[in-house]
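What follows is a pair of complexes built around subunit A, which joins subunit B in one and subunit C in the other.
Here is the complex of A and B:
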């Protein structure tokens, strides 16, 4: 009777195979809460003052960001300061196709094709660069060559922008890169031209009630996947660094992402994207919030989560008992980036206009403050802190944004000196069930499940 | 000929920019060498330096601290006595521990009054004016550096390093956004007036299309001077010996009778003084200061310190000069390069962290269990 410990994640990892019935049963409460969001959303949106509704929505975004950062900063102990970068990736990669291909959310297939073409084009480019780099480094270790690939991808992006920005005769030095970048853009464009109409016809065949939510889900999921791909690419080299170096490197990556977006013509440059169609409402946002919380909770308290926490406690000790530290660090990073990307996507489809300046250093630090205040390693603490820190400036109405940051920073310093473990200090608000609820300890352990 | 002139001009600009970065980077690298702490607030001490320099030169120094700050400070002292009494420490012992803080507070009152008086009638001869502005700014920033270390970092010294890092971010935000308060500096950028420091204005050489400002020469000379001076301090003096001992092995140095607290304070004060100088020079050269100006130069100076090998003073100077040159060249020679000005530094940071994390002149440290 250990089905309560079973979850989908373990199932996919091949660790144990719970009967589907048990999995479904374990997820009934979650499903009930998710369904309950529909009437709650209706009631709130009809009755709540728009101002309060906006605050509630802000709380939702912040909860997603804080909880996903908790997995990186709190559970895996890798101090990341680049969450806004992932959020920016999600926001732009949801806002751009929504603006470009499916302004009325009626075209899920084309949106899907957009993400697939994007991933194929970028993947092909990465493969070319990878081979180029392999030749240079003569190494067979993938992870060693990835930093180089990353740098070259950045280079390609920058050089493409130079080439596009100025009607400039390409100097021979850049020829290879601009050729690659041009061909990638051409590949992407032709895939969209070729597959777009086909996809549009598939979309047209769907019933109307399916198309809009499906398109929204595709947008969210695609943006999340792209953000987590970026998280993977960023994380793999960066996580070789420790402690404060990692913090600085992630900060640098976040800034690079922001500056790259800021200088990219198709993404609107410094002005950003405006008049993005609006879709996110209370129900959608809080459905995602709950999914995020449940997912992070289950990851954190699964056997994978144990490994992640072991890496936090002592990397050398963890690797000596057979935990592949790089894998678990990158796993935490990638999953965190995924949810940050989804938060960004929700944000852009709610705010309707985004600019690179919204995703600066301050935006990265806000969730860090929440996570630290709530207690590193406590999901409920992060939720609590996200709610408190979003409400605080609203309660102190007369306070300007600058003074809000003063309060944040004072909180950080005082908290670190007086109570460095945060509000909840690694514990959860509600007790975590250990083992089955009703049945007593199993008489004979025919299945010894390693915790 | 045109190209050569342009190149030389860019070279001079790059050297000058790199030297300012070097002045900031030395502070980063020394603090890191002693405490293994990235002092995020250092860039903001630089900002405070620029701001205080501006106020000292234009008569904006207030004659006294605002009343609420007096209340906070005196209340803080009383609270400290009360808390320590509650924890069983005699007031005399508490007094001894916080004596430097109380001394700073008491001394600051007449100093501020005098500085306000002088700054308002600054018809001093040029030399005296320069010395006053520089001296007051350096004193302020040195005190600030001491206070930051004493109040924010020292209580956390034996906790995990990540706590100090978070505190450093907090202090940095506090200075940035506290400075944006209209009662402090205000959020809008302010112009350094032409005659802030009379001695430093104008061009030294202006011929053949090449302009060398006095400030460029001064910055470069100052950087070399400070590097020589620091080498002397670190290698030849007793304090320097302690500094090297502390950076080599913290606990062992304490056991050998090195006064850790005074060494760390010395490091912070020295770094903050150099940042103050850099702040004034930055203001004079770029003529625009605002409370967020410390962010980017601070990051870049840190990147320069990492580039040169953090913990190594020569490396920091070298890295800063190279970074300044690269930045100026990118802006000057790549089309649309000015937009990538800030990105370049981060790309360099990541490249150096991935390829050679110990930096150009740093040595590899192997972690032992």
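Here is the complex of A and C:
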């Protein structure tokens, strides 16, 4: 019997403490730290100079990005350069509904419906791609079926394109995207017709103190889920590519996302979105920072992280002991993208105006530098590097405003020459396990494993 | 996901039926057949390039056979993914050791015990179930390491182990998947005579302790002849002889394959 089944049975037989209580007890320190962020945030926002506060906020965004990228680059060993793309998805998919449906964050239900309809659409796309991919893996002669499949896709595209081009008054090859956008809007429209009145009344019934944070949480979570759906799609080619090739592919994906946004009218095109309502403050940001660190830490040093690292170490050996390499590679991408999306959402609800240019290649490389400088495979290293690399340009601003970027890059070069494995080089600042590794009693040595 | 435990009764024979594997025009393995029962210890020998490792790779799913079928018990396993075949009950080691080099010895084994990808929320929230599971896996892994005499090195990074222990660890990792059939690809390669003797003892011990079917590729004739009951000889992909150690030693085809044609 699998362990999950036995848990449920135990619970219903009354042998376990209720799950919620047990989970709560297991997470008391984390909850305490999260609660501590409220007074800390109050004090800092009242007393800190706006400039310093802004630097502190920047550190927070960078920690989320670096730690989530550490899961992809450091633990799963897939060199991804697409983090800004995931961040952009999160930023736009939090900023857009915040502008459209929940000015002043007063309508969490409608926002939720927006994300559900979006996720249905993105999820369908991801499912189709996944099936297509699985089908390709099952066939022994991919090279023979591939031209046919590509031709079919092209044919469908062209036919639908010309069919709808006249309706939308667009040149062919663009009409397809309008069709997609329209069907998305149609989906959202019909869901609104169906559930809208109910959603509005539910939102109206909530007290303001619940409504606003709830709406914010829905925005963050929805944006994160959308980003992770995109991460899933980006993760698929990652199964066939490695090293530099994967880096280029993810770089390309990031650019595709940016350029798609730049050409999308509802998302503001090259101008971006402006006057997004502000909600992110120190407390919210650092609550998410801590949740991110704890979640990634626990995933990385769990059985899942162990399997992810095993796939990094040797894919053939991992599959020879029954580890599904596909699952773990895509898992790392999906989880990393989720948190990058959340960072983007926090960013757009803090900056209040976003444009596609903020999510270019440079933004992708920043967290990569942090992860590499901190040491691949070290979460505390990523945090440390995020802090150092955010502070460094600001400190240098005081010393020499003209040459600060030169000094900054020189410092990085010197650092990588002196310590190529990064600040912490794959180790952590605090111990990985919560107790010393037990050595078994001598009696064990005669016992066989239970098979 | 079932980890293969409940299939144990149905999987006590590995039947390889006439598998052929071609790479373009090259016949790597031709018409190779094999019956491996639980508790058997068989050898697979042949000169370099005879197709022994390719045969292993076909059985474990690294390559799909060009033709032929492989059954484990009642289940047809040829052409499946390596991970699926392993879960069905076939574990292997590699000719050039493939450990997870930067993971600890304990983690190397624990990966094989716990490869279930589910329960993400349990992991993130550190639920009691996931903690219990973690302790259980650690205990199982330590027990297995103790059985193979590696428990005092559980905290070592795998790449820092001495060569013989690395081989041992690779076997431990394969055993941790709780297989019914174990395929060892040149386990004695690069070992000194002392380590070879220890390896022979280890293989005998594993066979008794875990009741496995073991198939062994080996170049060391002394080792093969002394522990294998049945030996298959491959040359240029073809099976040229099959029998006990004595029969193989006297077989003229085998002598020819290894030493060349007799000079007249």
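Assume the second predicted complex is superposed on the first by the 320 of 451 C-alpha atoms of A that agree within 3 Å, B and C clash if a C-alpha of one lies under 4 Å from a C-alpha of the other, contacts with A are read in each partner's own complex, and residues count from 1 in each chain.
Just so we're on the same page, a residue touches a chain if its C-beta (ideal position, glycine included) is under 8 Å from a C-beta of that chain, and two chains touch if they have at least 3 such contacts.
For clarity, every value in this text was computed on a predicted model and none was experimentally measured.
Participant: So, does A:316 touch the first partner subunit B, the second partner subunit C, both, or neither?
Facilitator: After superposition on chain A, A:316 lies in contact with both partners, subunit B and subunit C.
Participant: Quick check on the superposed pair: does A:307 touch subunit B, subunit C, both, or neither? Answer first, second, both or neither.
Facilitator: second
Participant: Contacts for A:328 in the overlay, against subunit B (first) and subunit C (second): which applies, first, second, both or neither?
Facilitator: second
Participant: Identify the partner contact of A:299: answer first if only subunit B is touched, second if only subunit C is, both if each is, neither if none is.
Facilitator: second
Participant: Between subunit B and subunit C, whom does A:426 touch in the aligned arrangement: first, second, both, or neither?
Facilitator: In the superposition, A:426 contacts subunit C only.
Participant: Considering only the touch criterion stated at the top, classify A:190 as touching first (subunit B), second (subunit C), both, or neither.
Facilitator: Neither partner.
Participant: Which partner does A:274 reach: the first (subunit B), the second (subunit C), both, or neither?
Facilitator: After superposition on chain A, A:274 lies in contact with neither partner.
Participant: Give me the intersection of subunit A's contacts with subunit B and its contacts with subunit C, in residue numbers.
Facilitator: In subunit A, positions 316 sit in both the subunit B and subunit C interfaces.
Participant: Quick check on the complex: what are the subunit C residues that touch subunit A?
Facilitator: Residue positions touching the partner: 1-3, 5, 8, 60, 62, 64, 79, 81-83, 86-87, 91-92, 94, 98-103, 106-107, 110-112, 114-120, 123-134, 137-140, 142-144, 146-147, 149, 151-152, 154-155, 173-178, 209-210.
Participant: Contact residues on subunit A for subunit C in the complex?
Facilitator: Residues 2-4, 7, 16-17, 19, 22-23, 26-27, 140, 294-295, 298-299, 302-304, 306-307, 309-310, 313-314, 316-325, 327-328, 331, 426, 437-440, 444-445, 447-451.
Participant: If we count contacts the way the header does, which residues on subunit A are in touch with subunit B in the complex?
Facilitator: 79, 81, 147, 151, 154, 158, 161-162, 165-166, 168, 237-238, 240-241, 243-245, 247-249, 251-253, 255-256, 259-260, 262-263, 316, 361, 365, 368, 372, 402-403, 405-406, 408-413, 416-417, 420
Participant: Show me the residue ranges of subunit B that touch subunit A in the complex, using the header's touch definition.
Facilitator: Against subunit A, the touching part of subunit B is residues 36-38, 152, 155-156, 159, 161-167, 169-174, 176-178, 180-181, 187, 295, 299, 302-303, 306, 334-336, 339-340, 342-343, 346-347, 349-351, 353-355, 357, 367, 369.
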